[in-house]
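Have a look at this one before I ask anything.
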């Protein structure tokens, strides 16, 4: 199992697609985006679910946390059942987010990867993508890494996703 | 846990979205589409992965089956961990597909729902949607239901997804 | 040139895809959705651009109207230059919207088609689609047709898009 | 009017989104992708329409060319009618493609912009995006620029889209 953590527009999804291509065995990819897609539409924009504020902030409520915990247990179970699984997440809670994953994965072997990107560059990419709420890249660039421990860190500020993925793949093989 | 089975363009996804809106508790939604999205791109169109033939046929290989089994275990584990989970699937193997789910879910309480749609109508909707390989709706309309046992069946041929969802929700509440 | 007018979730896009398939000659398809996609992101949610209110209302400003007029001229010019063009629009202004198109198309031959759908059914389909602001279907179902003159009307309440498209295609052939 | 030309995955769309944000006036954005979306689905993968070969090649037929010419006339007409329009295209025919646009735009004032990207880097981004046929980036990186004349060239190999857009915007303002 590989868990990538990084802010919005730091390039996590691109790295995951490259990893799935580079690694000889088939890896399943899940992440915070696919989890949010699995939620009822009415939980988006609700106090109990997940809310995006005008300045790029993200707030999650009790229902979100409860479903997220069950989702993490399930994703870890896929790995226990024999699937190779790569996850990309945004540790809005820093070490608390990492602990939630650690609780779910138990004794599973995990490679923790930090995906860093300079806030200014991530903000430029957020604008170029056009599909994300503005401000998220800047707000998340630093805070998601504070207090989190990694086996490996990559930085997409001046390095292509494919090159970062090669660095990670070299540690998995 | 709710498991919906039906052919391509039978209206499963629409029913799931309505169910997530109707049911008072939050339900997570997964399905064969989100599973295929989690696969490496190189497994789409590969003999070991999943192939779509020109006439609408779907063929899956050994790697697909192995990852699917792990994915089913994980989805069932989410339900065991306390999440309410609705799944939509296409039982290309009929009762063999249902048995794969039964193996994963074990003692969990499941509502099995058949989503039927007349092949001609499903084919018309496939054309109107424009995002699916042509021919899948017709090929799958009957075969996915053969030998499968349901707690409840709905039919979208002349009934809106929301109405079908209300019928299902009444059995869950 | 064919211009379809109908409320949100009335089934216009599905009819257009079926028309493009049924008609022997190739037809280009444009519509209010592709026009809004062409706007700067910052015009969405702005007083000068286009705003969607919480209850499903849509309000457009001066910049939107000016660009829309130029866009209509351009789409009409494509038809004058020899392309067959089908447009789907939402006449929020009723006859005023139709007059805007009439000004752009001038002497071009146009088939005006009304796409009706019962508000309750359109609302059910809006929920099942899950990609539109809630409330638009109900608010628009009647008002977009008031005072508008058609060569042909179809009704998707109980008729598939493909069947409606066949009715339209029979008038074009 | 601004016309950007560059190979697949060279970063044209990101530059366009940034331009629409940077420029104080509202600009409409069109391009080869929105044109292909307007075509009948049956023209994709057809000899008369547009075909994508397994190695990333693109071949277009007579119907494609005829509709494209009418589309170019219409886009130019939008500019004549007062809209500011930015177009991104892939000049597969090099100078012949540029001449097609010149015929449509006539006396309109146009800024011709070349968007260059090293083939290796474009190929890496193609893999990271995951939504394009593989091989297109490498095949198109050089050939689309051969014999084409520009007012301005930008290079996304080591420069963010936003920075490239600022260079272009400075010439427009």
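The first chain written gets the first letter, and so on, giving A, B, C and D; residue counts start at 1 in each chain.
Criterion: a residue touches a chain if its C-beta (ideal position, glycine included) is under 8 Å from a C-beta of that chain, and two chains touch if they have at least 3 such contacts.
As the structure is a computational prediction, the values presented were derived from the model and not from experiment.
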Relative to chain B, largest Cα-centroid distance belongs to chain D
Roughly how far is chain A from chain C, going centre to centre by Cα mean, in whole Å? 39
Centroid spacing, where centroids are CA-atom means, of chain B and chain C in whole angstrom: 32
State, to the nearest whole Å, the distance from the C-alpha centre of chain A to the C-alpha centre of chain B. 27
Shared-contact residues (touching 2 or more other chains) in chain B: 17, 21, 41, 130
Those chain pairs that satisfy the touch definition: A-B, A-D, B-C, C-D
Chain B-facing residues of chain C, complex: 11, 13-15, 17-18, 21, 121, 124-125, 127-130, 158, 160-163
Interface with chain A, chain B side, in the complex: residues 17, 20-21, 26-30, 34, 37-43, 48-49, 63, 66-67, 69-71, 73-83
